[in-house]
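Each of the next two complexes has chain A plus one other chain: chain B in the first, chain C in the second.
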Partner chain A sequence: MDMSESMASEKKCLTGQCPPLQKEDEQVVKLSEGSGGKEMHRLIAEATSHFSSGDWKHTDEDSSLLAVNQNNVLFTTDSYVVTPLFFPGGDIGKLAFCGTVNDLSVMGAKPLGISLGLIIEEGFSKSDLFAILKTIGELSKQAGIPIATGDTKVMERGSVDKLIINTSGIGVAQNVLDEQIEPGDKIIVSGGIGEHGTALLAKRFELESSVKTDSKPLWEEINSVVHLVKQAKDITRGGLASVLNEIAQKEKKQLTIIEESIPLLGEVRALTEILGIDAYSLACEGRFVCICSAKHADAAVEKLRVFNTMACVVGEVQDGSDVIVQTRFGKKILSMPSGNIVPRIC
Partner chain B sequence: MNEYVQKIEDLAKEMGEVRIMEVCGGHTNTIMRYGIREVLPSNIKLISGPGCPVCVTSQYDIDCMIELALSGVKVATYGDMINVPGTKMSLKDAQAQGADVKMIYSADQIIDEKDRVFFAVGFETTTPMTARLLQQGITVFCAHKLIPPAMRVLVQEMKIDGFIDPGHVSTIIGEDIWSELDIPAPQVISGFKPEQLIKATYVLLDLIKNKEKEVVNEYPEVVFSKGNPIATKIIEETMKVVDSEWRGMGTIPQSSLAPKDPKLDARIVYKDILKNVVSQENKECRCGEIVRGMIEPRDCKLFGQGCTPENPQGACMVSESEGACAIAFKYGKSLSE
Partner chain C sequence: MDMSESMASEKKCLTGQCPPLQKEDEQVVKLSEGSGGKEMHRLIAEATSHFSSGDWKHTDEDSSLLAVNQNNVLFTTDSYVVTPLFFPGGDIGKLAFCGTVNDLSVMGAKPLGISLGLIIEEGFSKSDLFAILKTIGELSKQAGIPIATGDTKVMERGSVDKLIINTSGIGVAQNVLDEQIEPGDKIIVSGGIGEHGTALLAKRFELESSVKTDSKPLWEEINSVVHLVKQAKDITRGGLASVLNEIAQKEKKQLTIIEESIPLLGEVRALTEILGIDAYSLACEGRFVCICSAKHADAAVEKLRVFNTMACVVGEVQDGSDVIVQTRFGKKILSMPSGNIVPRIC
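Entry: the complex of A and B
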């Protein structure tokens, strides 16, 4: 670097591109408040305290429920940003379509249609844009879930990062998956966890890996067990640790899982060990946890194995609180992940 | 039951209190995650050592990087470092205020960014990558620490009966360095799986019982006697050994590295920006005693009370992979609580 010392010593932006600095004491939103952990839950709680949700129920769940002429109507929305936009096995379009479809599906709702909002940065490659839209189009066709409406905004260069997608979805459920869980109920995971998170981390940190995102629409899978399970929840940001803690807190039960039974691809295990990252906290985009009575567990697992051979029972519901992991040596509490997921240094 | 747990129990019956330090934060993570302390007999104490890069980085160094970032200098550093609180804020706070702070996993990610300063932290494991950046003409603010000089201080001050030596550090510096250290306590180099750590503990207890001071390599699949000669060579070519201030341990002679080329040493290049940096450690935070193994995380009154991984008051609460407090917070809650 041949920058002169006198230039460097002036306390101003050297590149001319830095945004203005805030005052030190001003409260600002931090990146970790969007990472699916405790901080995000607190931000959402504060944000939603400003609204009324009328007759809608389950407003803190994946989709909200409204009874309309004796039909169970479910409604959900989500915005998608991801770096990089294209990653092994998918792109942001796949996440945006599947995420909303899955939020409806885990409540037991058959998705009827999806909206698509695009916020595009000036200068964004058209071929990338159309590749992403093609992904959405193909998924929509395959799943038989139409794109019912949409909106497009183009923003000045630098004011958004390439592309943001918002999708909303509406669906109807014959049986809403909101049944109370009880001690003795079994906890099932629908496939190997953390594959999406691992694929993204490997791409972001330029590590060789054949792990692909697990992102996919889950309606077909959930529909196959909808009559057997009491509740389902898709595993997203915050991973299995976050989903299980949410269930334990909401249901005021203890969830005990057996570490050795958690489905994990060998390569995911290896990469998480190399990076020093907890696989329990890694994101999925096409996996879910469901809870059913013990007598239905085998049947549910058999149905789910048609879609993913790694589906299995990982633990059971007990009286108490917290999520407990039974390791090879002893029991440990699995806490709600907090902060950003960062690789270890040494 | 693991066969070595049984063997440890048998050995422990014939011994008084034994103080073993696991130097590496990665080892602390495995020990806590699998509940290894709970399966060991009560007279065998595992004490967490200083092996967490962000924990031992001095407050002053962190404040310097924040000052640089807020002055408009582009900076980069490894994961957890951006969350460590400085005197007024963390690099993450500086980032939220608009400073250009890049979080990286590998130094290679900034090898073409000659206008970015690399905040180099970590032990011997990460120094070869920094050396590579220096070869490519990247400016470095060097806060690398060397483990062996710190162990020499700890063995005297803390009455440690034996050390579990860090596995990753040993892959770089090799097995022989530990023997040359000539400290009055045996050492076992271990891998990071729970079974490996339990076996290492058994081997170490056996050495302690027999009053042997030797070094045993229980991680021979990746740790060789001379380490990694390519890595040590580029370190020697680009960096020199200097005295360094450690959080909680004061200045340890010959315990850090600095770029040989002053034009690539950010402490020199940016001395005008850095001359006004004044640091003050949070007086209630006891990270300094924790990295020395003097107290347990729970002995600090801030632990869990205002100091949590999402809002860390001290460096040890930042890294869930290597920081003693963050690991204790994540895995240490007892089931009866």
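Entry: the complex of A and C
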């Protein structure tokens, strides 16, 4: 293709005279391909077809495992492109630190160090920048997880929207959490879902709400049940619906959850009703699903309630291949979310 | 501060009606603070004051070292915000892969795996995206360094300029290259400098030139001299001037180089003269400086000439604290570059 032509048209867009997309839809990247749903999974599959991952084993989409001289080393990366940067209960720095810590934690890996890649728009407020870095520094000290290395780039005004943060992380697992699940196993959710998504939506649409992001580092919580559970997976973009579908697809099992047992703050429920949004698709940043044998379920829930009193069993694993919600009126299939679920909130 | 006000004014900027910077200069991030020179070093020092790096040891600004059960684990991160994305001899994918491989390699660490964080503008051409991913895939296979894990984000049109790539990397070093240097040690440059910067400048200013980027993975080259040299450092943004000043400051030594011995393609020299640019500050992406005792210098140069015939000794370590260039007309101090050296080319 003619690079100069393409650059010129995109330049125009950056200066506010966005021309309509002239290429066929399938020839350009769509916003929905970054939203954690079906389209993104398709794009990633196409992208990764170019790569060899060598001896690294993809544990799920979020981290990879390599045995290094008998150590189980886990490696993960994530970029954060959040609007707004500050929201009730947190900021982009909190998301970026916790997100990567949590991707390691759900594999049973103690996070050893986090890298911090800052991409800053020229003219961005230094007081905002340092407030965000302070958030990260404090969380890092509280959690005892160091910021190991970093990188800073500054882009011309208009070339990036304020601030993007990439965090990557290394962890080491004594026992990697990837045991096979079986029919009869219990599905546990570690706390109320959708609070992060709700806090950001309320802020964006200027709705009154006291809901704060649930964002937090999960290593301590997961470490408390690491000997009891077979698998854990943090809930992020795409919400509970996405996580359960990913587990069902990977494990070739049916996951059946009881709608009335799903932990949900009253305010979250109210806001989803006002905005007509499915709570199952709402983002979390400090909640996870874990699966354990029936005999360990009570013990695991008890451990998790030390951290969040809403932790509970929400369903069980069965033979089959779908995610089923048992409502008061019957059963329905819970699909993998698709489209622009909620753009750029985690 | 009032967040909504700040967001509104920056929103305007993204739609082409950029208001003048209203805040005092020191209160906002400046472009020069991302250019690899003095201002960037100051910003990074201020930023990292918020963090604890725990047991990680900062080997230099680019990677960190942690002993994990008697393994020397190196960890590094870098983000790539290049314009144009495609240039003579390479593309942003090549830079992103090689840059992180090289940050590990200069510490004597065999790269075990690279992570890939893609941040894509909605509407970006899929054929360009997949061409870039193919570059990375091929380099990864050739070098035997796997893409271990990845992440993809898509941002709304106008929120990011086409494509940003973050790569992080893990390596393991048998012997970490951080031996103390001494007066009399020799300074070696692994090949002609400034070719990457020249290729991008020529492309951007539409000058005729056959110079291609020097970007390449350096592990094999560095591994061939790892037993001979005390330290190695890849030349990137800020060029040879930045690398030599970093070494001089860290080691509290004077580095004296002989101007006539600096390896430089004729075309690179010509372009720097036309544009009035200092070749010492021009970016490289596949060259490094290494320092070894005088007795190993010939052997090291011989090994390096297998990869690049322009590799040579350019000077030596002395007592003192500056970087000195010995020209035909006398000595001059080579300072750390400052200002917008060459924005966004690596």
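Observations, loosely collected:
The rule is short, and it goes like this: the second predicted complex is superposed on the first by the 312 of 346 C-alpha atoms of A that agree within 3 Å, B and C clash if a C-alpha of one lies under 4 Å from a C-alpha of the other, contacts with A are read in each partner's own complex, and residues count from 1 in each chain.
Methods note: contacts are C-beta pairs under 8 Å (C-beta built on N, C-alpha and C of every residue); 3 or more make two chains touch, one makes a residue touch a chain.
Worth saying up front: this structure is predicted, and the values here are computed from it rather than measured.
By the document's definition of touching, of the two partners only chain C reaches A:H58; chain B does not.
Judged by the touch definition given at the top, the superposed model places A:I333 against chain B, while chain C stays out of reach.
Once the two complexes are laid over each other on the shared chain, residue contacts for A:I44 go to chain C alone; chain B is not touched. Look at A:L275: by the touch rule set out above, it reaches chain B but stays clear of chain C. By the touch criterion stated above, A:S140 is placed in contact with chain C alone, chain B being left untouched. Shared-chain residue A:V68: touches chain C; no touch with chain B. Applying the stated contact rule after C-alpha superposition, one finds that A:V172 touches chain C and leaves chain B untouched. Applying the stated contact rule after C-alpha superposition, one finds that A:I324 touches chain B and leaves chain C untouched.
Of the two partner chains, chain B is the only one touched by A:F205; chain C is not.
In the superposition on chain A, the residues of chain A contacting both chain B and chain C are 1, 3, 6, 10, 13-15, 18, 21, 28-32, 343-344.
Touching chain B in their complex are the following residues of chain A: 1, 3, 5-6, 8-15, 18-22, 24, 28-32, 37-39, 204-206, 273, 275-278, 324, 327-333, 335, 338-340, 342-346.
Partner chain A is touched in their complex by these residues of chain B: 2, 24-26, 29, 32-36, 38-39, 51, 53-54, 70-74, 78-81, 83, 88-89, 92-93, 95-100, 103, 105-106, 108-109, 114-115, 121-123, 125-126, 137-139, 166, 168-169, 192, 194, 263-264, 269-273, 308-310, 319-322, 329-331, 333, 335. Taken in their complex, chain C has these residues touching chain A: 1, 3, 6-7, 10, 13-18, 21, 23, 26-35, 40, 43-44, 46-48, 50-56, 58, 62-64, 66, 68-71, 73, 75-79, 81, 84-86, 112-113, 115-130, 133-134, 136-137, 140-141, 144-162, 164, 166, 168, 170, 172, 343-344.
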